[in-house]
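In the two complexes that follow, subunit A is the common piece, with subunit B as its partner first and subunit C second.
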Partner chain A sequence: MDKVMSDKRVIALYVLPALLMIIILVYVPIIMTGYYSLMKWDGIGERTFVALDNYKQLLKDSMFWKSVYHSFLLAVFSVLSLGGYLVVSLVLAGRIKGANILRKIYLIPMLLSSVAIAQLWLRIYHPSNGMLNQFLSFLGVDDPPNWLADPSIVLYSVFIPIIWQYAGFYILIYYAALKNIPSSIIEAAIIDGANPWQLAYKIKLPLIAGVIKVTIVLAVVGSLKYFDLIYVMTGGGPNGASEVIASYMYQKAFRSFNFGYGSAIAFSLLILCIVATWLIRKLTHTEEEVQY
Partner chain B sequence: MEKSTYIYMKKIGMFLFYMMLFLVAGLQILPLVWLLFFSLKNNQEVFNTPLFSLPSPPRWENYVKVWVEGDIGLYFFNSLWITTVSVIFTVLLASFVTFAITRMNWKLKHVVLGLFMVGLMIPIHSTLIPLFNFFMKVKLIDHPMSIVLTNIGFNLPITIMILLGFYNALPRELEESAVMDGCSVHRMFFQVILPMTSPVIVTTTIINMIYNWNEFVFVNTFISSDEYKTLTVGIQNFIGQYTTDWGAIGATLMISVLPILIIFFFLSNKIMEGITAGAIKG
Partner chain C sequence: MLKKAHTILWLVVLMLVLAGCSEKTTEKDTEGKGEEKVTLTFMHLWPAGSSKQHNMIVNEIIQEFEAENPNVKIKQEILENEQYKNKLKVLGASNELPDIGMTWAAGFLEPYAKGGLFTPLDDLLDGGLRENFVSGTTEPYALDGKTYALPLELNITPIYYNKGIFEKYNLEVPKTYDEFKQVVQVLVDNGVAPIALGNKDRWTGSMWYMYLADRIGGADTLKNAINGSGTFEDPSLVQAAEEIQNLVKMKAFIKGFNGLSNDEAKAEFTNEKAAMYLMGTWDLPQFTTNEDIPKEFREKVGFFKFPEVEGGKGNIDSWVGGPGVGLFVSENSKHKEEAKQFVKFFVEKWGERSVTRAGVIPATKVNTANIDLPQMYIDVLNELANASNITLFADVQMNPEAAQTHLNLIQSLFGESVTPEKFAKQHQEALSNTR
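This part shows the complex of A and B:
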């Protein structure tokens, strides 16, 4: 048995195809991004080594910092919305008729392509015929805002469909975690006289703390690297008012053909995601994980 | 508190809970209902009838028009075959790796597993510029192969993660008796392990189908010819030509999301299982 299952040739045959793919398609590009970020390069011509010039320029680039600020703002909004999803999940995981159908309905937006969602929300936000402003004028609002053209609100206008897209995903995860709590624990707490609030606060939430931590990491990192919807809906505009890190990178690399500078942004994004993951894990680290 | 007041309070509480849950459901589903309705209306009706008025008569000609006039059929076909090929290879290669990691004995397996798991966290945008350059050099830019390769590479980690839980729970006795009977590793893998893992293969297949069908950044960056575009990027261009025809835009969007919605309707439990397993380890 052991001999058959230790056959080096078989192991190589099974592991190498997939391993080579992620090395060539994921790990080598990551290193190359770091390398290109030290170059001045238009993507076609010669590369010239400029050391840290791209990063020095980045530090002074107010548009870059604005996009970083926007990405962080999205991260804050996403994490805050997790609280809402927790409340919905706690209710949904109680004795609710139709809970299964409800969580399926919540999940539907997450299954659609970002382009379809973006195109749909472009119509919803349409100044005169969109669903939102038609509804507002039905309510008697005379001068509804132009959601995507007004630089002071455009950022929040693109956040809403992103939250809409992912709500069902987090509710699904919390729901599954809450349903995983052994009913004996809940019953024991009820016998001890715990009311529903205490049950939620002191028993259920601590028991799914591990899952909550994971979702915080997912929400923060997912927000920092977010791209699709914003790129399709506004392209970062008007005038950079909805620019985020990834869309700024895309614009610099594939629109202005400044591949070196784009790589510096892309590499900064990677570092940011790694640091954020590490920091959240550190901050939410507890000595004892709840066991049950 | 008197018992009757307590029951009364509880009823009000439950009512408010249901109100909240239905409100969230409404927010999630109404935009799509609105989309379905305006995809069956003409501009006159979109602009002049109430928001959620039923299209009467439903203008199915919007769907016929965008399918016949545009390249939607071509984009649809591209999405279909690229998704199919990517999914088959992703699930097969991931099954090989997961089998070797959970069942076979070798020193570096934890390092290799670590490489796949860290791959989950890497933002794809940080790989985009070198990948563009790489595909340019190997003449795969504007070639569907670049999309198939990146689809496979970037979905291997999550597929392996979903497979791991299932493989770890498989009993080992079956393999032992297979080896006793003189079965080779390959035969064991294809005739014993793969059939036994069919439930999780279905899960990973559906999850991969959804991700590949919806893939946007790679197609948008690597593909420039219309003939290779997939539905996600194709509808983006297509809608550009129809900026003022709401019915045509609605019909195009409906065609692009319908396959996923149909799959979800029949296999929602599998999809939910896959999403949960892909997000949280174990």
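This part shows the complex of A and C:
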């Protein structure tokens, strides 16, 4: 096997199909999007070259900045929620009873499709017969809020299902990472008299720091380009109160038939994601990797 | 030995299969000789699941057409509404439209027509088909004097109401807007939600605004504001926006309407939790013939015309509405003639069957004298005959970009996050910027 793999041509042969696929399906569309973003185009008729006009317009577009703000807010909330998932995973990995079952329960939302989740939460949030408002009126609240119609709270109302949806995914990652820590290290610490807090904070967390960094990147990038649940639940409304970058892009490209502008938004989103990833890498960078 | 037997068996089976195949193909070949075989693709948005009746009629018409034209085969591709719109756009961009497909009027059709993707169908109209259509229904599909699609449906929007609830509180069908507001007040006082509205979809609220604009400013004010010969800052259009907010303040609409979809709102009406519902006549089957909805409820539903506003210029026989989907033929179709013939055939047959079988009011004239229909249909068809004006839905009249601004502003107006003056001003800006 080693002999075969030492031949450069064979390596090229094996890598080629995947490389071709990724170029055709990922990189070419990215370049095309960048190209379209320099055009004024309704998606059907003639394209006219307008250079950076779309981007100039974008910089002045208050709705775009509002959606960028909303996306960043979602990223902040997702990262904060990672802390919660970490705590849950620490507890689960601490050999409590029923950890296996609990882990599976947490994972279930991840297995549902986003549209199903959106439908489920639409029922919960329904202003008059929804579970949440029925419960509130049972408690004696006179005029329970219109969760998805009130511009001041709609954004948070859609964040909750999104965070709920991804809980299982991150818990699973953390759980696996924690289970990977050699038991000899933990046992040694216990013999040395470490209490559970010290065990978690001084031993376990530093050992899975690499995984935590990856999840932060995943959460931030995932939030920035988030689309489906918001699209189904509110469509970005009322009047843009829950609009995020991706839903705004969809609206511009497919509703307003402004493909050039939509492409400009998409390309900006890509740049934002790359910058965010780079920043997080930079900020969380440590010289020494912990080894065990 | 066994292995050998297996191999032989396999060979025999294979030979049989191959022989079968080849025989069939030769048969087909001889059959097809003589006339050229033509396959037309037809894309539409009536799946058997959600639009059973529509789908059945489509299949019947296709069968009949194929029987009359044995050399033509129609291949259907069926998608749900939203997917349909997206797919059509993608196909349009790559110049691969189906031979025949469905389109909406005005703003939706414009980019396709301008891009030369649809072929003009005026020769069909001039060939005698024009007589069949209700006057004015083909105009929204025309651009620069050419008609690019032929409509299948025509809809107007009455206010449906629950007779049971009205009786319970001794309410009369309102003739004037003041009476209408009294009805709303009585219902609110009794804890009944007056109007079901799902304004997450936005065009639903737009219809309320359009009616008020029509009744206050007359049929042309809004039209002119949209086509640029008038202005959106016309006092009557601002006043209509104020009236919307007055209704919101009265709690005329169901709770949380800005976050509810149209379907959710309709459920409130069909569950008898709300008394009134302004919606297109495309929902008539649900209130008359649809067996899935309880009979007791269907018998309670009536409709009335949007009341007149005192001192307003509008008249009660003016409707908000318009043609729904229409059929187009692709400019790039290899078999344009056959496709056009199919469109003509389809429009005629559809007109004969759609109203009795699927409850769709066709854009072609219907003779009510000798057909058996629920009373509400006959009433609507008669109203249609008396209509003084039909104003096309605002978001269809406007170009797509301005339409989005309009729809968002409607949501803000209903949510009281924009003043009537700003509402008008921002419309004016959006309309003049995108013209």
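In this section, the second predicted complex is superposed on the first by the 273 of 292 C-alpha atoms of A that agree within 3 Å, B and C clash if a C-alpha of one lies under 4 Å from a C-alpha of the other, contacts with A are read in each partner's own complex, and residues count from 1 in each chain.
Going forward, contacts are C-beta pairs under 8 Å (C-beta built on N, C-alpha and C of every residue); 3 or more make two chains touch, one makes a residue touch a chain.
These numbers were taken from a predicted model, which means no experiment stands behind them.
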Putting subunit B and subunit C onto subunit A via the overlay, clash or fit?
clash
In the overlaid three-chain picture, which partner chain does A:F254 touch, first (subunit B) or second (subunit C), both, or neither?
both
Tell me which partner A:G262 touches in the superposition: subunit B (first), subunit C (second), both or neither.
first
Just checking: does A:I190 make contact with subunit B only, subunit C only, both, or neither of them? Give me first, second, both or neither.
neither
Regarding the shared-chain residue A:L82, is it in contact with subunit B (first), subunit C (second), both, or neither?
neither
Touching A:P127, do we find subunit B (first), subunit C (second), both, or neither?
second
Touching A:W164, do we find subunit B (first), subunit C (second), both, or neither?
first
May I ask you to decide whether A:G43 touches subunit B, subunit C, both, or neither, giving the answer as first, second, both or neither?
both
Contacts for A:L199 in the overlay, against subunit B (first) and subunit C (second): which applies, first, second, both or neither?
neither
Compare subunit B and subunit C by how many residues of subunit A each one touches, and report the one with more.
B
Contacts for A:A209 in the overlay, against subunit B (first) and subunit C (second): which applies, first, second, both or neither?
neither
Could you list which residues of subunit A make contact with subunit B in one structure and with subunit C in the other?
43, 254
Using the touch definition from the top, list the residues of subunit A that touch subunit B in their complex.
1-2, 4-8, 10-11, 13-15, 17-19, 21-30, 32-33, 36, 43, 88, 91-92, 94, 96, 102-116, 119-121, 123-124, 129, 131, 134-135, 138, 164, 167-169, 172-173, 176-177, 211, 214-215, 218, 221, 224-225, 227-228, 232, 246, 249-250, 253-254, 259, 262-263, 266-267, 269-270, 273-274, 277
Subunit C residues touching subunit A in their complex are 85-86, 89, 92-93, 111-112, 114-115, 117, 199-200, 202, 254-260, 264, 268, 273, 400-401, 403-404, 408-409, 411-412, 415, 417-418
Looking at the complex, which residues from subunit A come into contact with subunit C?
42-46, 122, 125-128, 146-151, 154, 234-235, 237-240, 251, 254-258
Touching residues (chain side subunit B, partner subunit A) in the complex
17-18, 20-21, 24-25, 27-32, 34-35, 38, 46-47, 51, 93-94, 96-97, 99-101, 103-106, 112, 115-116, 119, 121-134, 149-150, 152-154, 156-157, 160, 175-176, 179-180, 184-186, 189, 210, 213-214, 216-217, 221, 231-233, 235-236, 239, 246, 249-250, 253, 256-257, 260-261, 264, 268, 271-272, 275-276, 279-280
